[in-house]
Amino acid sequence: MTITRTKRATSHPVGRSTLPAPKYPRVFGVDRGRIVQYGVFILLALFVLAPIVPILYQSFRDRPLYEAGGLLTPSNYTRLFTDAGFGQVILNTAIFAVGTTVLTLLIAIPMAVLVVRTKLPFGRLLGLSMQWPFFISTLILGFGWITLYGPAGFISVQVRQFLGFLPWNLYSLGGMAVTEAVGLAPIAYVFCANALRQSDASLESAARVCGAGPLRILFKVVVPMLRPPIVYSSILVFSMSLETLSVPLLYGTPVRIEVFSTFLYTNGLQSIQPDYGILGAASTIILAVTIGTVAIQAKVLKNARRFISVRGKATRPRLLDLGKFKWVAAVAIVIYIVFGALLPILGLVFRSFTMIFTPLANPFDSLTLSNYERVFTFPVYVQSITNSVIIAAVGATLVSILALLAVLVARRSPFRFARSVEYLALIPQAMPGIIVGIGFFWVFALMPGGGLVQGTLMAVIIAFGLRALPTAFGSIAPAVMQIGHELDDAARTSGADWFGAFFRILRTLLKPAFVGALILVFVTMMKEYSAALFLSSANTGVIGTTMLDLWVQGNTGSVAALATIQIAITAVFVAVANLFMKGHSDA
Amino acid sequence: MPEVHVKDLHKKFGDVTVLNDINFTIKEGEFFTLLGPSGCGKSTTLNSIAGLESPTSGSITVGGVPFVDTAHKLYVPTEERNLGMVFQSYALWPHMTVEQNLVMPLAIRKVSKEEKASRIYEALDTVGLAHLKDRFPHQLSGGQQQRVALARALVYSPSVLLLDEPLSNLDAKLREQSRAWLKRLQVDLGITTVYVTHDQDEALSLSDRIAVMFEGKMAQIGTPAEIYEKPATAAVAAFVGSCNFFTGSLTAISGGTATVRLDNTGLEVKVASTLALKPADAVTVAVRPERLRITSSSDAAGTNVLETTVLTRSYVGSRYEYGLKLGSNVVQVVSPVGDLDGGVRLVFEPEDALLYPGADVPSAEAQELMTVAA
Amino acid sequence: MPEVHVKDLHKKFGDVTVLNDINFTIKEGEFFTLLGPSGCGKSTTLNSIAGLESPTSGSITVGGVPFVDTAHKLYVPTEERNLGMVFQSYALWPHMTVEQNLVMPLAIRKVSKEEKASRIYEALDTVGLAHLKDRFPHQLSGGQQQRVALARALVYSPSVLLLDEPLSNLDAKLREQSRAWLKRLQVDLGITTVYVTHDQDEALSLSDRIAVMFEGKMAQIGTPAEIYEKPATAAVAAFVGSCNFFTGSLTAISGGTATVRLDNTGLEVKVASTLALKPADAVTVAVRPERLRITSSSDAAGTNVLETTVLTRSYVGSRYEYGLKLGSNVVQVVSPVGDLDGGVRLVFEPEDALLYPGADVPSAEAQELMTVAA
Amino acid sequence: GSTNADKPAANAVPEGFPSYYPADYSKIVDASKAEGGKLTIYSNTDQENWAPILRDFKAKYPWTQVSADNLDSDEVFQRQLSEMATGKAPADMLVSNAVQAWASYGEKSDTLMEYDSPETKQLPDYAQLMPNVWAMSLDPVGIAYNTALMKEAPTSIAGLAKTVTADAAGYKNKITTRDVKGAWGFTVSHAFAEGSSDAWTGLDEILPSARPESSSGTQKEKILSGEYVAGFFISSAVGYPAEKASGGLVKFVLPTDGTVVLGRGIGITPKAPHPATAKLFLDFVLSETGQNAVAEGGLSSYRDNVELSEGRHTYQEVEKLAGKDGIIRVPYTMVPDAEVTAFVSKWNAQLGS
């Protein structure tokens, strides 16, 4: 005993009696935290596995699910692989997906480095604009690109006049990959930019002190440090390009280049005699590839922590000065934004106000509002707009809540199947939309009470929601990981149970991440349509399906009008949400 | 104020055993410290008491209430243990004011409005921060945050207070001042406290008793003076306070005094020891810097005298710390004299040194740091 | 080894003045430390020398070469200054092995292959890590990483070595050991070194000279002993080493001895002072804990004797630290005696205390920590 | 969402029923009222085509509430079959111009409701496409070309082929046709190849310069932009409006050497939830009023005395333009798998790359 002065308090600390610890009720010895965890797990499992099961079953059945008396057989797989063109399809898909991934990175990484790490004229503005292409669906981006850069596009015509020939061919795997890459680059950009913002600026200072100039620092220190976000976004982009339908369909059909998604589309919905068995088998393969990539991703994410060294006090990043090169860089980014997204969007908006849009005639001669008129005279079209907004708003809310709970269970609970929850949430990442649609169609058809959902907006929300879940999960997870464990631990020791810790403490802290996820999911669901092809009815069409209808009928002007409306709604929502976020970024 | 009994605690993460047979009892009102290097399992032990980790086997009882008993599959969740805990990073909820931070545990316990107010005032007053109750954590200095965290842990009068390196995020000066303050507070409150730190100065100056841990095992439990003056192993001696180690071999042992031939110089020194050793056994002699006397070459008188040269001299506030070269070893000595240089003599009595069996030197890293070209 | 001249350095971030009229000269081969509390501008000063920040005004010259001179719009970029720097977070490039980390600066300087190899070996050998050259940073302990960072800063023989809190990420024990090692290394290499720390122990034991900074201003520049024993202001006395402060008013001053009536007890004490003060002036008496003698009540003999009671006693390794109650103040005293209790007397001679004009006490926070209910 | 435009009916909708209707027809009307008048149609027909039909139907039977889902041509049947398999099939009627799909659907047992429309006798014999399936419209498939780029106006596939062969390099990849891997493309192309004796002579010449597209809309848009100079096998539903909207830049012609005419089948599902309303609708569509509305909506009606005016098209007009012998009506029969495969590979082998 070293304490001499034993004026030991006879009373309790702070002169009070000990308050009893709270007691939490248990159902058969299970506390409510555990109930929530199991609830999320089961809900997710149902949600994600439900549409997969009918497809798996179909892949082993010798006739469509709707026909009675089928036999189980592996013949669908053998037929798929012996199908004459299938080898070529796989090769095309590989080239397209790898090409898209590589191009995406080639665009995104330099831009992220330039915007976040260097002194760039109008850096903030450029950084914000970098994300535009994400707000446009690839269907629209594809249309836009054809209008500009297709064999008879506005720009192509000018270039051909000037050079005498056209140095590019949009209708090729390369063309598809470039377009898709422009559309997906914002995702990789955001990943890299966030990592760059977090990384330790003293690594760069150290290089400068050693005598390295700005360029050497970029190539020797900054870019190699980006390996984790690069790997993560590559896998995401790769699986997205496996699944994407619009661009391959638009560019590939005239030159008969088929990739996996168009193969599924033509053999599924468009075929002379749809072969559901092959469709199921092909979908199963794509699912297997997806699960493989998700597994790789989980592994890489796990090791990524070893790679990033964020330690000690936060250091203020010092922006590198590239000297004259910064103007080159700024111009490069402007070119990307202008030619990749801005011109196609402007073209689209302009298209929506003209009768015909061709380099062969002055479009100002045919200015009109009739494209909008057509959209607004048919209540079904108008309804598809309101449907889209309802679906995106309700869906974004539900999906973000589910994703938030899933992240908490996966990353913040002692739950036994925490890892499985994460896998479940990420698997839908590359489930083709059509497959999700068909799968849910059967789920609703076979599930007791499913009839109540079938054909309603709820069905579409569920299908779109599934596809958006990984996005929401992916955007909330890092935020949760950033919040120290000890904040929940402190709540636990103070007497809150697992659920209480979330409800009382983390809820408020996660609000910005939640709003971020809300925006992302809203945008994603606004753009989504393929899952609705099989699920929607006359009353439940969405902007995307209406656009497809109008396109098939040749009402391109109205397609442009709808696309313009869609972009406008998205822009308004994003702006409002950002305002809201700013208001709440205090504390 | 209840006793804490920790019995046969084991904890594995996967295949790695992090805690191995941990046993200790903390007396009512005692300030008990877990001291050890980073990664030795201190936090895991503390978290097991708090219920934030569940041990692989063993039992923990606080004030007669069993919290964990793996033999009987008993496990009380954290929130029902009613302990107060302060984390290294304070873990204040950043979106709540100081007051709101303190309200939370009371709200969970459904305390009446008046009692809430009075308890919060009392707790904040105890830590001297009643005037800051409307601030947000980010508007407070590190030291103030740390005190708010303490107030939050005390506001519901928990049975035991658990502190995990609560001072390590403060800067050097404030850490020292807060240490004295914390000590007074705990004496005043008389609350049973378990304190985790890897800072020996903190452990020595704060604790009633210290448990020194290495790699998931208990090395020694005792009062600060016992730990410092009679360290059970060379590792404890090295970890608690500075210490110079010399390996050597025993040449003779009789009457509580061992004669040791040092490896680095070949000289013989006499050390008091009651160990059962026989000649030629490898041994380690440990001497604390302040037990070594240093004199200029000529007038040395003492049982053990070693010839050395001065490598470095540092002023450490009213005293000087010398780095001396003995063979390829650096020897650290503290002396009030500040003008020594060149060849000097080190003198110490047999009772000033400690003897450990085996060539039991500190970690490889420490060894590297204490070696110079001979 | 060149001299460093820093002249009239000012730095503003927006409207906030972070450095205000900083002037100092570092002699060739000197170990110069910038010491001060967090946020006082130490890193900004160091970064200005390194070129990582550009000062708002002022000039910096190293070895006769002007690096910055705002009057002449001169600014040499970081990469052309040939300095070595170690960061608090070490800033090792995590994707490169230890060797690759060291190759980078040499590759930039287009060093021949053989010289590269020999320089790297030498640098790693200096820090005792030649055997770890193929490891990645994350495979090293904190201490080893810190030494690799040092090796990287030394491998191209920079003219000056800049160290920004290089030890603050190490745990207490290792920090202490590394301190002694770093000191020996610097003495061996004789390289001009600028060291930044907020840890007074580190500053005292490592430096040839120390510059104490507060809020962007220089408070005192001097050797460790000067800083510790003759602190220019109460703030310096408080920051460097522990110190007890008593406010009071002067009752008489004559022959280098001032008589002060203390506010908290009303007693008078005598303090040696050469300040030009007149009676009734508010003054602050500062006494370091180790300069106070503590005796059991009866046998006190000395110029100043104060009656106090023991609040707490801590063992701090071979000595005891007492917290004594004097009025509403806590007084800290260090004593080799460990069995004092109840009422005791504090004794000190006029020369043991320092006198500062004004009621110049340390920060409000420190004050809070040192107050008890009277 | 019923698509009843608010505009007043352009066609006079007569009250009552023609004399050839059975006497107890009012029973069906009463049954329809009892059902509530709801009607769900699965179709692959555009809202614009439906609008006048639904408008006039509502004018005649004001209690009705028709919703026409717009699905893909095959999806109409796949969805119906799937829903029948699960026992919950909300569709009352199917409307589609996917011949193969109709034929294969009709082959299955119990997929259509037995009904004999009183209008059948008033219509040409080709109005009945299959048992219990009638043609709502008979839509021709033609050639569209860009008048700014095409020097010589084509009048037939063979003529177009000749123009193309004359300047093979110039027309390389400048001609578009429909992808035969899709159901519609196959039906039309196969019917043309079968229906015209020397069809392959022209096709052999033109296909190497042609590129396939998967929708008429895309074809039209690209002809307009100049990416293609001309396209054949373009649906009139797209072709006619394009001609009108482009201000003469695009022209739509019916080839004299074989104008494929595709019947748009309409039939009632066997377990239709609203059978009476479905019958009323079927009879209405085939009636004179209905056929006038069909024409107004942009499809080609085929009943004899439908008024032909600006923007309206009829089968009779097609007969006049393409010649009676130039018409190839697509039979509602299944093409065997082997033949499909053989035709698709032959076609695709000829296509340019």
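Order of writing sets the chain letters: A, B, C and D. Residues in each chain are counted from 1.
Basically, a contact is a pair of C-beta atoms (placed from the backbone, for glycine too) under 8 Å apart; a residue touches a chain by one contact, two chains touch by 3 or more.
Nothing here was measured: the structure is a model prediction, and the numbers come from that model.
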| item | value |
| --- | --- |
| Most distant chain from subunit B, judged by the mean position of its C-alpha atoms | D |
| Where subunit A and subunit D are represented by their mean Cα positions, the distance between them in whole Å | 38 |
| Rounded Å distance between subunit A and subunit C, as computed from the means of their C-alpha atoms | 52 |
| Rounded Å distance between subunit B and subunit D, as computed from the means of their C-alpha atoms | 88 |
| Multi-chain contact sites of subunit A, meaning residues that touch two or more partners | 2-3, 5 |
| For subunit D, residues that touch 2 or more chains besides their own | none |
| Numbers and ranges of subunit B residues touching at least 2 other chains | 187, 223-225 |
| Pairwise chain contacts under the document criterion | A-B, A-C, A-D, B-C |
| List of subunit A residues in touch with subunit B within their complex | 1-3, 5, 7-9, 12-24, 31, 484, 486-487, 489-497, 500, 504-505, 508-509, 587 |
| Residues of subunit D touching subunit A in the complex | 1-3, 5, 40, 46-48, 51, 67-70, 72, 74-75, 78-79, 81-86, 88, 90, 100, 104, 146, 148-149, 173, 176, 179, 181-183, 186, 211-218, 220-222, 224-227, 237-238, 241-242, 245-247, 249, 337, 340, 348, 351, 353 |
| Residue numbers on subunit B that touch subunit A, as the complex places them | 1, 29, 31, 50-52, 77-85, 87-89, 91-95, 104-106, 108-111, 119, 122-123, 126, 136, 138, 149, 152-159, 161-162, 187-191, 207-208, 223-225 |
| Residue numbers on subunit B that touch subunit C, as the complex places them | 37-38, 128, 141, 143-144, 171-174, 176-178, 180-181, 183-184, 187, 198-202, 204-206, 223-225, 228-229, 239-242, 288, 290, 311-312, 314-318, 321, 323, 330, 332, 338, 365-366, 368-372 |
| Partner subunit D, residues of subunit A touching it in the complex | 64-68, 147, 150-153, 157, 249-250, 253-256, 266, 269-274, 355-361, 365-366, 374, 377-381, 383, 441-442, 445-446, 451, 454-455, 533-534, 536-539, 541, 549-556 |
